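We just call them A, B, C and D in the order they show up, numbering each chain from 1.
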Amino acid sequence: MSGHVRLRDLTVQAADGTPLVAGLSLAAGPGTPLVLLGETGSGKSLVLQAIMGALPPHLRRTGEVVLDGQPLPEGRARRGLWGRRIALLPQEPWLALDPTMRALAQVAEVYRLVRGMPAPRSRAEAEQRLRDLGIEEAARLYPFQLSGGMAQRLALAVLRATDAPLLLADEPTKGLDAARRDEAALRLRDEAGRGRTVIAVTHDIGVARILGGHLAVMLEGRILEQGPSERLLRDPAQDYTRRLIAAEPSQWPTQWRAPSIAPPRPAGEAVVEGRRLGKRFQDRAVLREVDIAVGRGEVVAVLGPSGCGKTTLGDLLLGLLPPSQGEVRRAAGLAPWRFQKLYQDPPSAFAPHQSMRDALRHLGRRHGLAPTLFEGLRDRLRLPPALLDRRPAELSGGELQRFALLRALALDPVFLFADEPTSRLDPITQQEVALLLRGLVSERNLGLLLVTHDAMLAQRMADRVFTIEAARLLPAGRAG
Amino acid sequence: ATGTGAGAVDERVLRIVAPIEIGGLDPARSGFIFTRMGVVETLLAADAEGRPVPALAERWSVDAAGLEWRFTLRPGLRFHDGSAVTPGAAVASLRRALADATALARAPVATLDVAGRDVVIRLARPFSILPAVLANYGSGILAPASYDAAGHVQAVIGTGPYRVLSITAPMRLEVERFDLWWGPRPEISRAIYLVAGQGEARAAMAESGQADLVFGLHPATMARLRRNPALEVRAVAIPRSRILKLNLASPFFDSLAERQALDLAIDRQGIATALLRNPSLAATQLLPPMTGDWHLADLPPAERDLPRARALLASAGWTPGPDGILRDRQGRRFRVVLTTYSTWPELPAIATALQAQFREIGVDVDVSIGNTSDIPRLHRDVTLELGLMSRNYALVPDPLGTILTDFAPQGSDWGAMHWTDPQLAAALARLEGATAPEERRALTQRASAILHEQRPVIPIAWSELAVAIGRRVGHVAIDPFETSYRLQDMRWREP
Amino acid sequence: MSGLAFGRRVAALPCARLAGAGLLLLLLGFGLVGPWLIEADPARQDLMASLAPPGARFLLGADHLGRSMLARLAHAVRLSFLLSGLTVAAAGLLGTALGLLAAWEGGWLDRGLSLLSDTVLALPGLLLVLLVIAFAPGQILPLAGGIALALWVEFFRVTRAQARSLLARPHVEAARLLGFGRAYILGHLILPELAPILFTLAGFGIGGVILTVATLSFISIGLKPPTAELGGMTSEMLPYLAEAPFQALLPSLFVALAVLACHLLAGGRPR
Amino acid sequence: MSPSTRSRPATAYRTCAGGSRSVGGNAWRVLRPLLSRLGQAGLVALLVGCIGFALMHALPGDQAFRLAAERYGPDIVDARAAAAMRAELGLDRPLALQLLEWLGRVVRLDLGRSLVTGEPVIQELRVQLGYTALLAGMALPLSALIGLPLGIAAGLWRGRWPDHAVLSLAVLLRAVPAYALGLALMVLLSVRLRWLPPGGFEGWAELVLPSLTLALGLAAVSSRVARESVAAVAASPVLAFARWKGLSERDAVRRHGLRNAAIPVLAVLGLQLIGLVEGILIVETLFGWPGIGHALVHAIFARDVPLVQGTALIMGLGVVLLNAAVDLACLLIDPRRGRQAA
């Protein structure tokens, strides 16, 4: 029951035979977390799902998964292990949490029904788990009332409630601000310290660093290299790994442009401007007296903890939400579709039944765009043509995010509201996308409103940085 | 023999199932249920042959001119609420009947009076069937307490052997024995009248033993029920006929030849056998044998004769067109609408059969199935062409009551349309006043013969009342005039 | 009804859909070609052969009036499919269109249409059917119209509720931002999502309409004789269930096959 | 991950850490739609009453004749009886006047008297609606008891034999008209087995057959709806996560599957309950049950306008309140609803 796991020659193929994961061999044991790092779409999530035995039905798996010296049983028999010997934190927790059940109950039931504790004790334990992760106030909330980060932590709490010796975690820190991220990573390391086997997927080198243990770098369905984390991060053998580490925002060349102590107004002409904007939801003011303007050819970043109103601000500027007070002005003479948005949750921004090819074809037809335009952008975003015939559910989070960007850029926007555009991307892609965005800002004289958790990213990319605090928009410098 | 010892309460409840719903409390409306169940009585009743017999009135007399009728009430009569039955109360009920659409309202009543224990009815002209009219449920006698201030019937307080325990209109009526009734004490102490509109459901109720008496069995289920050892099935001939009403003013039916042709085209045997399951119901004339003098004894059975029918039509100027449908000299197609209704479930089926049979002589019939009231309405609007209907000739237990209205000279909703026959009118007028049996018999036969020869309506089939009787109950007598179920005469059988 | 977001079915075996399509084609073929192939006149009676069992003369037996069940069924299948197809199509188109309109426009239009649908729901459906039928008693178009008048509400309510939650989804918002118009959004984004549930409703509807006609014939509001129609035949033959169960159950069997076919067809959706 | 569940509304995770809703807000969340529903109910009821009036008068055929036929029976009805009806009931008065009169009375909670029986409409409705409510009240739970477990089983074992069996059963039940089904039950349970009385309404035993007939018809549909939604939920990430937690299949379905699956089922069942009226008519006629469905048909045929209007009015109220009840139930099951409505 110690949770030694070994993968031998694991292969996952799509229905058409395309290998998605190819001949993967890995091992992990108690005490040392195994971290999977790698390009988006390289098959990390699939590896975790394969270990769990929870691949989508139309994918084919070959190879062996051995747990504690015994090959894992196939199909239904694996059910018995779930929650007892293996537990998985899914990549999209807000889809996995039961929308009709309060947070506490979702954790407590693990104690009660899986571990057989009496009800009061289960509740007490569950409360403790929530407290561990700093979301005790969410106990009575439903998942839809949680912000992305809170949902992430709640799912993590469920994972920790199981006493499975093997924990699989898919991007456990996505959507968390720096302090929370470090804390969550530490908790996960503690679990390993308690003798559990932890396998975690992450895009965040910082998290990999905190987790320590063993590191495997993946590219295009294969393991590129693996070894002790510390060594590999310090002294990578492969060029790709080196680039990956170098692409961390903190490692980016200091500046493309010097971030000023943000002046309230852009230097040039404002493409979108909000004056004394206020927004209330029911009885709660989310934003108050916000003055913001985004000029052509500049990047304005908005920082702030989860749930403070960043997305709301962007939506107000785009006219997707009506302001409660104040007004929004746009530069005159521009088609409405030249104001675009990149969604925080890319899977939700695509019609679930449409293949990417159809989505793009329809867009091209609507605006009379040449196919070559799309091809150019696709190359630039490194999206292979094979992905075109997939539907949103069959693409990795990062791939979808890049398709969203492609779609927005094709319309030659003058204003782009990018809501956490890089949180699902591996550092290299993240950097590429950031560079691309930055490049477009100057090349097409685009105004970019960037919303992010990552202060470092904001510092590196933006001309002016703001934070939202107590419903007001403050220049980042002064916010401290 | 009673089922239980003296003093013990008999728990057995007799259940009667029938298709007809309880429309309300007013005797003019749903009175037939209350008289059948022995709740409401009339001054006179009818015996199995339809002859008047004493009921609330123990005797009656008429003056020589046939104008003043006296009815003497039995002594010591009580209403169900315990109050005494007075001639005044009886007259009050009759007055209400007179004001409503009842059979009595059609009698030439001049005045209604009380004289001692007698109810005195004066007529405007002699009307020999007054006793029969008084036996009709519409002339039932209710206690004054039955009516509320506005004159609505609020409770059915009658005089019969049974009184109402509960009514859930339109589906159920429960009665219990009334101990102050004037007749011998009935054995059945409680009974329930239950409505089941669907024939198969009624059959199931008989088969399951839930019902002791089931009225109105569908012909198709009778054979099955007959094989059931737990049931006795009786089919009683009743004075009811399925007939075709014709608009004699329309160019299609104005000549006798046309009517005879239609008559000859009908396969009555087939209809009676296939749909009614009793070949003897094929009608040779309007009124069935059980109506006594109204039935013409030695008529040959009606045979289908298509060649003759075609010949008759040809003689009336109808020649087949290219589509096989007849046309007259103006080129008008022989296409008529046959209106019928589904209150009697066999009517639409018979209409469909007629449609096919008339098609064979080149008559195109469009069947329209509507509401019962469509035939009188279309009659009034003069737009009716053909009507298939089921006519009860003994609502008043003497067919004359119905014949008088149906074949009155100006025509009638349920009888002739645009047809008058002076001879028939004369015969009927004399019948109204006649009292001597020999004279009545001759006139009756004469009237029937005229109706048969002239065919103002075409008879299709007679009717029978099919009843399933359960094992538990004996001494069941089925009244062909359906005035009463005679609950008071029934007995429980020893198990 | 955002929960109905779950309502889209998982893929069923494609062979089930094939079977459904095949069955439907067979039935349609019987209805379309049958009347040509079978020479017997469905209205021709032989009272002496009433309820004749299946045999050489009547392949599927005869009904109570001695008419060929085979000939009647062939005509009935055609008519019933026409009737229910027409009705469901009319009700489905109207209900879906109004549902989309209400969901898109919101506000007063939505409230008005919802009020209307509630009103129609509350009105005894029979009243509507009777009213429309009154224009031409016993004919097929008014009957279809009358039933459709009561049936569209179902489509309306489901469409409206579903479309409302779909329209609130970010991918629709994204499509608007991308400059797509109402026609595109409704046609390409909303309708495909709605299609499975609409097809399921229609599947039930096809059978439901036939049953409604049967019910109407039960209370004598149906197509005029001698029209052969499955619903009417079902109730017409009911009294003979014990005597001639085969003939009495045949029309129901055809309704069952039709409903089954629709279900198999609508039940599975390719991934 | 099924495509259906991947994208939830953007608002799905938009609450600030401290954004919990107060208890008072919860009560309001439930109350407000209820109150507005109540207002709507009144409006719909009135509207339905008026439309009922208009429709009844738009129908062809002579009202007096129809009434007379119903009141006096087929053997008596004739032009004289019709003329008497016309005079007695004042059917010749202008329609607008008749409608206004009705409206005036409705305000005083008086629905008038039936033109056929002369009884107050309210009283007739009380009896008949009561019996129908009894029938429906028995049939619905019964149908849930039959249809939902079957549907759930079919959804969980989709594509395998329970699924096929339930589909066949549902199709069979949906293909047979209610009256044939009722007769079959009658023959089987009353005539052959003698377990139950086939008709009447003396006690609970009589309620079983008609409500079972209704329930089977309803169960056919509800089992399908339940099957679809259970199948969808069974394939959703929510249930997958519940399994990954280690919950047994039973617990996973019980705690996470059913509630999520119940939402569409409820919505459809609410609709179905309204459509029940048609089935009720047949069943009442077949089993001799003195309910409103049967009475309504008679009233329509007889052109008994006050009774039809009264019934329509009460049914209008019923429909809206029922919708509200379904909404409320959804609200209780589905916490997202309250927020969307607000």
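Throughout what follows, contacts are C-beta pairs under 8 Å (C-beta built on N, C-alpha and C of every residue); 3 or more make two chains touch, one makes a residue touch a chain.
These numbers come from a predicted model, not from an experiment.
Enquirer: Contact counts by the stated rule: is the higher one at B-D or C-D?
Expert: Contact tally favours C-D.
Enquirer: Quick one: chain B and chain D, Cα centre-to-centre, how many Å?
Expert: Using C-alpha averages as centres, the distance is 40 Å.
Enquirer: When the centre of a chain is set as the mean of its C-alpha atoms, what distance in Å lies between chain A and chain B?
Expert: Those two chain centres are 86 Å apart.
Enquirer: List the centre-to-centre spacing of chain C and chain D in whole Å, with centres computed as mean CA coordinates.
Expert: Chain centres of chain C and chain D, defined by C-alpha means, are spaced 20 Å apart.
Enquirer: How many angstrom between the C-alpha centroids of chain C and chain B?
Expert: For chain B versus chain C, the centre distance works out to 43 Å.
Enquirer: Of all residues in chain D, which are in touch with two or more distinct other chains?
Expert: Touching at least two other chains: 2-5, 7-11, 61, 179, 183, 187, 260, 285, 333-334, 336.
Enquirer: Can you tell me which residues of chain C touch two or more of the remaining chains?
Expert: Those would be 169-171, 173, 238, 241-242.
Enquirer: Would you please write down the residue numbers of chain A that are in contact with two or more other chains?
Expert: In chain A, 343, 345, 348-350, 352-353 touch at least two other chains.
Enquirer: Which chains are in touch, pair by pair?
Expert: Touching chain pairs, listed by label, come out as A-C, A-D, B-C, B-D, C-D.
Enquirer: Across the complex, what residues on chain C touch chain D?
Expert: 1-10, 12-13, 115, 118-119, 121-128, 130-131, 134, 154, 157-158, 161, 165, 168-171, 173, 200, 204, 207-208, 211-212, 214-215, 218-219, 231, 234-235, 238, 241-242, 252-253, 255-260, 263, 267
Enquirer: In their complex, what parts of chain B are in touch with chain C?
Expert: On the chain B side, the touching residues are 199-200, 218, 220-221, 223-224, 267, 270-271, 273-275, 341-342, 345, 348-349, 351-353, 355-357, 359, 366-370.
Enquirer: Which residues of chain B touch chain D once you look at their complex with the stated criterion?
Expert: 15, 17, 20-21, 23-26, 28-30, 32, 100-102, 152-153, 168-172, 192, 194-198, 200-201, 204-205, 207-210, 341, 343-344, 370-374, 376-377, 379-380, 390-392, 395, 412-414
Enquirer: Considering the complex alone, what residue numbers of chain C touch chain B?
Expert: So the residues of chain C touching chain B come out as 43-45, 47-48, 50, 64-66, 137-138, 220, 224-226, 236, 238-243.
Enquirer: Flag every residue of chain D that touches chain A in the complex, lowest number first.
Expert: These residues of chain D touch chain A: 1-21, 25, 237-238, 240-249, 251, 255-256, 259-260, 333-336, 339, 342.
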